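Presented sequentially are two complexes of chain A, the first with chain B as partner and the second with chain C.
Let's turn to the complex of A and B:
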């Protein structure tokens, strides 16, 4: 009986342990081992010591890809939060067709990323794109949305915001609906205006939601891949090559598996660091 | 009820056992052959395997290469998973060296009668081109699709120029005459040519590489483990193309996502291969005339005009139990008569010498005069250099191409020099 009591818990957790070992622990350990090797999948692995790490810090394209990812995050996260919060506030009111708008804003989230990207590529077309046609019709100059190196990453950030904002609207709506109405009633009695209520009650009360949105959109932003992969291939002039796209190219395009694993590990550490910093500061200050 | 369930379970188990005992690539006295998965080549593969199987004790079973993002990826996955076919006939020449160095290909020059056959089929430059760095030959040169200048005859006729532009200055002059802002919005919307502006390495097969081969008389990109393109020909090609983009004679915008820009007259020329013929015949508007010509060369160019042949070759994997028999099959598959069948089925040129003058093919070329142009060009085509890092080489050139040619942020000299230096670093262990 005692033996059975001892064994059963282990048996019950064994499926998870098996899954974790095969699909998490082993790949992580194997990729760390890979960072010290040169391997093109076909030929046997060749030990190269720390050469992949040395190469990483000299790799101008990788450093540029980190910079691009940072630019994307700086544009995307505030834009995402502001747009989602404003729309959530509106959709939290008693407006007409509220259900329809909630569904409409969420629709892009469930549409395939590739489909959205192809659609926006048409909108961004220099000669035939709808956006430039609109600009020309009001007497403005055309913009190289995807062909101007100074604009391309912003265009991608705008598209990514459109694609993902629906999810964050839902999260903010949930957060807004948990704010007790008594606080607003008390504020009304004290003569607080709309802005004061928003900044003194709403924002502090949805602090956990904001933190979650910041974390989710940061991680989502760090994993930027489909949009530049399909739309620009990382160009023009590497202005939209994201870190993940570069890691993918090294691994599955050139089969530099060792180097790709090194980049991946380094990038994972950066994400970890950023999330820890966010957790310390954002959670406390927002 | 219970016995019914038992019967169902037994039937399912029996069915599973039956399926799992099915044929696979390595079982039985068979040779498995993967062809390309376009419908024309499937028809050819079906024809040729049936013809072989009638008279051979070891049958060949063909299947199109399984679907994937690219056939190169599928083959790589097969090599890694050790599920390669015995014979594969759509191998990009630039990939062969990687597989040869990994030891997964049969050195064909060790097979009985192979080199004699090869010398009869191809001239010495082709044999030199396909010989690997270890001195063995791992591939059979099978078919090519030379890249040429595809032009709209109706447009060329209206430009008041003498014939089809064949030199850089003639081409640039024609481009200047054709460029137009049709809708008057201040932006050019009619260009003389178009090439994909993406940095994807293989896009350079349709702009820089054929122009470089033409300008350099079939020069190499890499030789003796270092860059071999840091020369006047490459600089001239970059300068020529840069000028076209700087003057808006070529579109910087991606035009591939809209209606065929060549057939709709938005552009007048492209650097492309014979596969355009079938497309043009199917979709061209009434009265539309088109033709092919040699790739433009520098004004002072002398000698034949080379181009990229986009060769696809045949390899035998080491997993093959009967390499000699596989070779016998391939020998039959690419003999003169069956090369004609390949031409008829797929409109792809066999890579064999003097094909345009061979009487066996004269009827075909009489019926397909545009293909004769490609056949004549096939005497002056080049594939790729033998190098395990060729994709990286093309990618590094592509990076500099984008910076210099498309965006003009570097001079041609600087861009070619930077590309060559980066390529040289690839060879430093």
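Let's turn to the complex of A and C:
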């Protein structure tokens, strides 16, 4: 009986231990080994020293993909926060049909990215797309949403904002509801206007939510894959190739397993670094 | 002034709602419109045509993919609920050596970007001979760290007296988990179940890597390859029809369980 009591916990967590060893610990170690090898899975592994790392720093397409990810994040994150915050602020008033509006904004969040991408490909169409038709009808020039290398990544960032913003509206709504109403009442007594109340009370109080949104959308942005894969294939002129798409192509189009693992490891370290820096900011500010 | 403010609020909200709903509405009507009318962006097509759908069924095994997706997403969800509650129970209710260590490892793996394990995990699948089997789609997802942490949190809030009483009645740990704890943590089961099912239903990168056989593809994968591979070229209606079929099950579930969806997603965001 005593012995059984001791064994039971380990039996219960054994699936986790098994899964961790097989799908986390071993892959991490193995991916480090892989970075020093050339391997196409079929032929034997070939030791190549640091050549994968040397290649990575000279690989214009990979560096381009990192730049693209940066462009994506720089557009996506502020846009996401502003749109979500404005809509959450309005929803937080005494609004009828709040449930309906909330549900509408949330709809794209639950749908597969593939669906969203197929839809927006049509909205972005050069001749028949809704957006260009609207531009033409007000007398403006058509935009090459997905065909102009200077615009394509921004178009994808705009679409990603449309897809995810509903989730952040909900998170901001939760955050806004934690602000004590006494604060606003006190500010009203002092004669503060709406903007003062927003910048002096609301914004500092929901700071933790803002940082959470920044971290979540950073991680999301770093995993960008299906949108450029379906919409542009990474083009035009590699202007929308994301790091994950490039890793995928190196691994599963060209079977450069060693090099692909090197890219993955390097990219993962960048992600960890960025997230750690962001978390530092949160901990200092909260 | 007050009235003006109110009106501008509703104007903004309605405009916003249109921006989020109209594309879906267009997708459905366009997929039902005759091919030559799709590009017109009218509110209602002049005729109803199921051509796009019947063509889709003959071109790609979408029915088969639907069943595959159902099998994969349900198996993963059941696995995550069963294993997650076993592990969450051990971590919150049992004393054992190394408990904190295991918990820290779980927290640590949550922060590990998937990009680092992608290639080695594929190689493991090759070595196991799991490529082009359901196993590759299901087994790696059985353990969900967020699920474990949420179960641990919920199980902590159950009064010890409930568990003690069950033990006096001669219940073992497995019985305690599934007969005593589960009925008392329905919200946790629903929350974790919805997040898991939705994430597995929509997952596309991993299936693209481990499945090459069209008969075993999940819906998002099949639709992706159909949209990318050029088989849907010049036939926008068929492409849109496949997107509708892919989105429909989740949207129907969302209409019925809307509150749970929003709560689940919000709480999963909060925990990160």
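One rule holds in what follows: the second predicted complex is superposed on the first by the 267 of 286 C-alpha atoms of A that agree within 3 Å, B and C clash if a C-alpha of one lies under 4 Å from a C-alpha of the other, contacts with A are read in each partner's own complex, and residues count from 1 in each chain.
Here is the rule we go by: a contact is a pair of C-beta atoms (placed from the backbone, for glycine too) under 8 Å apart; a residue touches a chain by one contact, two chains touch by 3 or more.
No experiment lies behind these values; they were computed from the predicted model shown.
Peer 1: Quick one: classify A:238 as touching chain B (first), chain C (second), both or neither.
Peer 2: Only chain B; A:238 stays clear of chain C.
Peer 1: Would you sort A:122 into first (chain B), second (chain C), both or neither based on which partner it touches?
Peer 2: both
Peer 1: Once the shared chain is lined up, is A:248 touching chain B (first), chain C (second), both, or neither of them?
Peer 2: A:248 contacts chain C only, not chain B.
Peer 1: A:41 contacts which: chain B (first), chain C (second), both, neither?
Peer 2: both
Peer 1: For A:16, select first, second, both or neither according to whether it touches chain B, chain C, the two together, or no partner.
Peer 2: After superposing on A, A:16 lies in contact with chain C but is clear of chain B.
Peer 1: For A:221, is the partner it touches chain B (first), chain C (second), both, or none of the two (neither)?
Peer 2: Touch partners of A:221: none, neither chain B nor chain C.
Peer 1: Between chain C and chain B, which one touches more residues of chain A when both complexes sit on the common chain A?
Peer 2: Touching more residues of chain A than the other partner does is C.
Peer 1: First (chain B), second (chain C), both or neither: which does A:102 touch?
Peer 2: Second partner only.
Peer 1: In the overlay, answer first, second, both or neither for which of chain B and chain C A:30 touches.
Peer 2: Second partner only, chain C.
Peer 1: Following superposition on chain A, which residues of chain A contact chain B and also contact chain C?
Peer 2: 41, 118, 122, 128, 233
Peer 1: Quick check: in the complex, which residue numbers of chain C touch chain A?
Peer 2: So the residues of chain C in touch with chain A come to 9-10, 12-13, 16-17, 19-21, 23-24, 26-27, 30, 39, 41, 83, 86-87, 89-91, 94-96, 99, 102, 105-106, 109, 111-124, 126, 140, 142-143, 148, 173, 198, 201-202, 204-205, 208-209, 220, 223-224, 227-228, 236, 239-240, 242-243, 246-247, 250-251, 254, 258, 261-262, 265-266, 269-270, 272.
Peer 1: In their shared complex, at which residues does chain B touch chain A?
Peer 2: 76, 79-80, 98-99, 101-102, 104, 185, 187, 189, 197-200, 251-254, 257-258, 391-392, 395, 399, 402-403, 406-407, 409
Peer 1: Which bits of chain A are touching chain C when the two form their complex?
Peer 2: It is residues 6, 8-10, 12-13, 15-17, 19-20, 22-24, 26-28, 30-31, 34, 41, 86-87, 90-91, 93, 95, 100-115, 117-120, 122-123, 128, 130, 133, 162, 166-167, 170-171, 174, 212, 215-216, 219, 222-223, 225-226, 229-230, 233, 243-244, 247-248, 251-252, 257, 260-261, 264-265, 267-268, 271-272, 275 of chain A that touch chain C.
Peer 1: Applying the document's contact rule, which stretches of chain A touch chain B when the two form their complex?
Peer 2: 40-43, 118, 121-122, 125-128, 136, 142, 144, 146-147, 149, 232-238, 253-255
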